[in-house]
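Just below sit the structures, each encoded as structure tokens.
The following pair of complexes shares a single chain, subunit A, combined with subunit B in the former and subunit C in the latter.
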Partner chain A sequence: MSLFTPRRVGHMSPGGSAITYLLLIVWAAFVIFPIYWLVITSFKSVNDVNSGPVFLPFIDFQPSLHAWRDLLIEDWADTSRSYINSIIIALASTALSVLIGSMAAYALARVTYAPRLSTVLAFVLCMAAVLVATMAYGVDWRLAGAVAVALFVLMVRGLGNRIAGRLGNGDILFWMISQRILAPVVVVVPIYMMFQSVGLLDTHIAIILTYAVINLPIVVWLMYDFFASIPRDLEESAQLDGATMFTVFREVVLPLSKPGLAATTLLVMILAWNEYLLALFLSTADAQTMPILVAAMNAGERGILWWTMSAVIVVMILPVLALAVVLQRFISKGILVGAVKG
Partner chain B sequence: MATAKRIEIREMDKHYGAFHAVKSLSLTVEPGEFLVLLGPSGCGKSTALRMIAGLEEITGGQVLLGDRDVTHVLPKYRDIAMVFQSYALYPHKTVAENIGFPLKIAGKTKAEQDAAVADAAAQVQLGELLGRYPRELSGGQRQRVALARAIIRRPAAFLMDEPLSNLDAKLRGFMRAELKRMQKDLGVTTIYVTHDQIEAMTLAHRVAIMRDGVLQQLGTPKEVYRDPANMFVAGFMGSPPMNFVAGNATGAGVKVGDRALSLEGVRVREGTHVSVGFRPEDAELAAPDDTADLVAEVFIAEMTGDETLVTLTAPDGGHIIVRAPPDIEIEDGARVGLRIDPAKRYYFETDSGKRLRADD
Partner chain C sequence: MAADLSPSPTGAAQASASLPARSRGERLNEWLDRNARHIFLWPAVVLILVFSIFPLVASLVIAFSRIRLSGGGFQVRFVGWRNFDKQLFGSEQFHFLGTFGPLSLMGWVFGLAVTAGVIWWIAAYLRAGPTFIGTLGRLFPWGLVLGLGWLLSYTALSGRPFGTLLTTYFYVLVGCAIQFVIGMGLAYLCSRAIRGRNFFRVLFFLPLMITPIGIGYTFRMLADTSKGPFSPLWQAAGLGDFSWATDPWAARMFIIIADSWQWIPFVFIMLLAAFENVPRDYSEAASMDGASEWQIFREITWPQIMPVAATVMLIRVIEAFKIVDLPNIMTSGGPGIATESMSLHALFAWRSLDLGQSSAVAYLLLFVTVVTCVSFFNLVVLRRVRS
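Let's look at the complex of A and B:
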């Protein structure tokens, strides 16, 4: 039996399993090392950081709590505010985008939409006309809106027979996902100006809404796939058994989509938690989030504060780890096994 | 608890875009009747069933349940239980929860649910498995859970979509008998879809045979077997099904190869392409002499236990299957004669498949 005949884990030849485990250990070390480095750096003194690499606490260097003291005592007000901001914003924006996004995804997975191409075109044209009229020519928006509605109705009737095409669910889904292909930096200035004009800059609401919107396409995309994989028969069977749409959703769809919801929630929350660029524009002090705080660590007159920055990053990844542990038991495969035969 | 209701379908149509899946289907199922919808794969059986259940929108026609027009009523309000082709068990619920689901929805108390679940489970012999999840069951057990979920609430009608198609032959035979007995005891109007003509013959009070969305014949199993309306029905029923030999009508009869088969009073225009049909049990092997109705070559003989099925190559190149005694000695490739019982011959127009009868 050669070393390289594939065998089940636990039944490998000694040489094969030694190599397998060696590779796994190397990989694990590769993955874990940055986190280890982060943690020990947060306990290093300024000298230990500046005078070349030291690796092992108590052996290579004497741990010091100075970075943690800075972070948790001296800068406590700043740290705690950013931390709480991050938590509020991540939770609220995630809840919003998962709620709205999964409803949209469910509808797309279960209802066949066939909007006329002409109607969509007419709508886009009228919207553009309103924008041009109000922005470039200073027309009162109420007037422009009313004219646009009238125009829209006329165009729908007029174009309806000329342009035969219809859009389908796939087109709608692609349109939603395509919104995310655009890098957020493209829209950051308009978003900034929009919130400025309504006086919401540097507030939770502004950041929550922005994050919810930019994460919505991701939620729709992931959850669409998930809902589509639930056999329709299950929902139809429940309907015949007398369940209302809402009961079907609560009794059948929701329990079966837990893994998808958990994975999506985790992903979206991490995205919101780590987001930097939009937060930089939309917050100055009151609504400042953790990534901004981290970035601020290298902007001081004392140079980059590696030790404090490491401590902040450690604090920042803790909740994500906790969340991953909590949600990972939902993210199990095979929940649909046994639903349908064959 | 509802009493059994009549199901009436009037000129029901289904279009999927340009595709016409069910074509003007009309039939009535009497209260308590067991009707089997039979046809080859893709003929529109499931579609028809789903329209009756309300899961598929009806493009044309009407569905009546009892005296009520339910054509556009939501499935939830039709009081119909359905066993899906896929079973459609809830994977996150135990067997007991699956079976009890309709009662839970109906707002029954836990005690009522438990009693009814135990009852239904006992009927399909699932008693010990109540705590399991569907993924921990075999195909046959899943099928029985689906059945129990359907019978737990006495609906106005049962709809079943090939519920036995996933079982092995032995279990299928057993479940078939169970199902028939259960339907009789409950007296619930039932429409049962299958492509297996043996299931149809054994289960049905009446069989409706469909092809390409069109109803071909509706009648008791005996009627569709003994008196098929056309060549398709004749060739679909029976195992093995009816044999056909193609020939041309002459004044004297149907000329097949070098022989002529009498037309037994059927009148057709000379030159018409006519197929003569006969069942495997209505012909016997004989010497290949002048008295034989046909002469053919033995293709293969298969002993099945209580009989031998002899497959012959007919003069027109098609195959003919004849039932012969189990102890028959016969060589592959031998030339044999065939005597076909004149009273049990069927005549069809080859091109249209239309049945030709003596009194037409």
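Let's look at the complex of A and C:
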């Protein structure tokens, strides 16, 4: 028997398993090493960073807490504010998008919608007209809005019977999910101008709302598949008992979809926690989140403060790593419900 | 939430007092119940309309105008196609498309090869029985492949630098290919009967959780040829003075490595679950019949995970087009514009307060993303699911 023939069916040959373990360990090293380097850099003195690589604490170099002291004592006000901002924004935007997204997903999975094509067309036309009028011709937006609403009503009445087409649930679902294709840079400038004109720049509300919408497609997509896979019997018997759609959703459907909800919530929370580009546009000081704080370590005249920056990144990834280790099984299962069905 | 709105009467004295309130609550309940189907759906629709569709249309208006910020407000002037004209044919052409040179031999060969490939693709489709809509839809990927192919010929293959369009495609195509191959390989290895599977699974998943900003800076530390952990190796190789940040291809590869470090876990975790869902009976029967592992993978396992793999890669490609954090942190788009993605291009234009150019670039990004992703979806994902 050669080294590469399996001894038993369903088992690996000795050579094959040696190669497997070797490859896995090489990859594990590749995954661990950057994280390890990050952690030890946060304990290095300025000299140790600048004078060339040192690898092992207590052997190569004496760990120093100076970066942590800077971060947690001297700059505590800045650090804690960003941290609290990040927590508030991640939790609130996740709650908002999971609530609204799963309600929409449930409705799309159970109720039949048939919006008229003509209504949608009229809406798009009116919105474009308002934008062109206000932006290019300087018409007051209140006036333009009022005219557009009137026009919209007229067009719905007038076109309603001429254009017969109707859209279905699949179209609405596709429309919602396809929003994910939008790169944030496409929409961020108008969002910035919008929040600027209502004086909400650099507030929690602006970032929470924006993140909630950016992540809404993921929630709708994952939860739709989850709801669609739940048998309807329970809901129907609850409805026969006189339960409303709200009661059914809260008492029957949500408890049944806990795994999917958990995975979706985690995924969306992590995305909100790590987001950088939109926060860069929408926050300057008061609503500054952790990724912005990390990037801010690059701004001084002294160059990049690698030690403090490493400490900030470690502080930022600790809670997420803890979550990931505890709950990763949930995540992959929850996501897969969506991916298997496409 | 609806049930909470009706006050519960406590005691006989209060019962009569709360009667009108109660009936109002009931009426509200009834109204909520009757309109439940709208109340479930509309919040999501309104949020998307306000924060996604409205900005999308507004961005289109901005892309066709020149915006002057003046004292708190802004002035908008229509300029028609001028913003796009500047990116595609004017003074910003080097930035978006690249610098065109006289076609080199390699450029000719590659361009003609791409043209031949597209013609063959068109012919194959026409022979298979085309439909009007199908032909119309395929005009976009045909045109895109031809355009990108000749663009590559005229710029990079003729020894000239290329712009943010091809850089973005480089990140998307090369990055996703690397991530798919390694991610699937790891998932396959981890799906076999090995010890410590849970350990590897958790460990390999971690990079996905880490903020891209953090990854960018960490990899900058790692890549430092004089102070980073690999500097002894660099020095031993005589490359101590080499800086990857000044060499276009080294810088691009470096961003791809960091991007892959983050995203391979995504491909890995999804495909691992797919591999574990494949029933073992067939592969065990085949291995009893003496089929090799490669044969089993190609003939039995691959067809079963192909639909999942296609969907996973679609998600990955969609996200890959948005790449902006890593090049911004690791190289600021440099050297020159060598590592600048289209998102970063738009971000830089915004920073220099050129909102019109910024939106024009963003719209061009949206266009190529949609064409690529829709083509991928129609030509790969759907076809595989059907067959």
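To be clear about the criterion, the second predicted complex is superposed on the first by the 254 of 342 C-alpha atoms of A that agree within 3 Å, B and C clash if a C-alpha of one lies under 4 Å from a C-alpha of the other, contacts with A are read in each partner's own complex, and residues count from 1 in each chain.
Please note the rule applied: contacts are C-beta pairs under 8 Å (C-beta built on N, C-alpha and C of every residue); 3 or more make two chains touch, one makes a residue touch a chain.
The structure presented is a predicted model; accordingly, all values stated were derived computationally and were not measured.
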Which of the two partners, first being subunit B and second being subunit C, lies in contact with A:I313: first, second, both, or neither?
second
For A:Y276, is the partner it touches subunit B (first), subunit C (second), both, or none of the two (neither)?
second
Should A:R180 be classified as contacting the first partner (subunit B), the second (subunit C), both, or neither?
second
Identify the partner contact of A:V252: answer first if only subunit B is touched, second if only subunit C is, both if each is, neither if none is.
first
Figure out whether A:P190 sits in contact with subunit B (first) or subunit C (second), or with both, or with neither.
second
Does subunit B (first) or subunit C (second) touch A:S237, or do both, or does neither?
first
Contact-wise, after the overlay, does A:W27 reach subunit B, subunit C, both or neither (first, second, both, neither)?
second
Subunit B versus subunit C, judged by how many residues of subunit A each one touches:
C
Give one of first, second, both or neither to describe whether A:P291 is in contact with subunit B, with subunit C, with both, or with none.
second
Would you mind listing the overlap between the subunit B footprint and the subunit C footprint on subunit A?
244, 247, 335-336, 339-340, 342
Residues of subunit A defined as touching subunit B within the complex
231, 233-234, 236-244, 247, 251-252, 255-256, 334-342
Per the touch rule, the subunit C residues reaching subunit A in their complex are 1-3, 29, 32-33, 36-37, 40-41, 43-45, 47-48, 50-59, 61-62, 65, 74, 76-78, 182, 185-186, 189-190, 192-194, 200-215, 217-219, 221-222, 226-232, 261, 269-270, 272-274, 277, 280, 284, 287-288, 293, 307-308, 310-312, 315, 318, 321-322, 324-325, 329, 342-343, 346-347, 350, 355, 358-359, 361-363, 365-366, 369-370, 373, 381, 385
Subunit A - residues contacting subunit C, complex
6, 9-12, 16-17, 20-21, 23-24, 27-28, 30-35, 37-38, 41, 49-53, 55, 100-101, 103-104, 106-108, 111, 113, 124, 127-128, 131-132, 135-136, 138, 172, 175-176, 179-191, 193-194, 209-210, 212-213, 216, 220, 244-247, 249-250, 270, 273-274, 276-277, 281, 290-291, 294-295, 298, 304, 306, 309-310, 313, 316-317, 320-321, 323-325, 328, 331-333, 335-336, 339-340, 342
In their complex, what parts of subunit B are in touch with subunit A?
53-55, 74-76, 78, 80-82, 84, 86-92, 101-102, 105-106, 133-137, 139, 142-143, 149, 153, 166
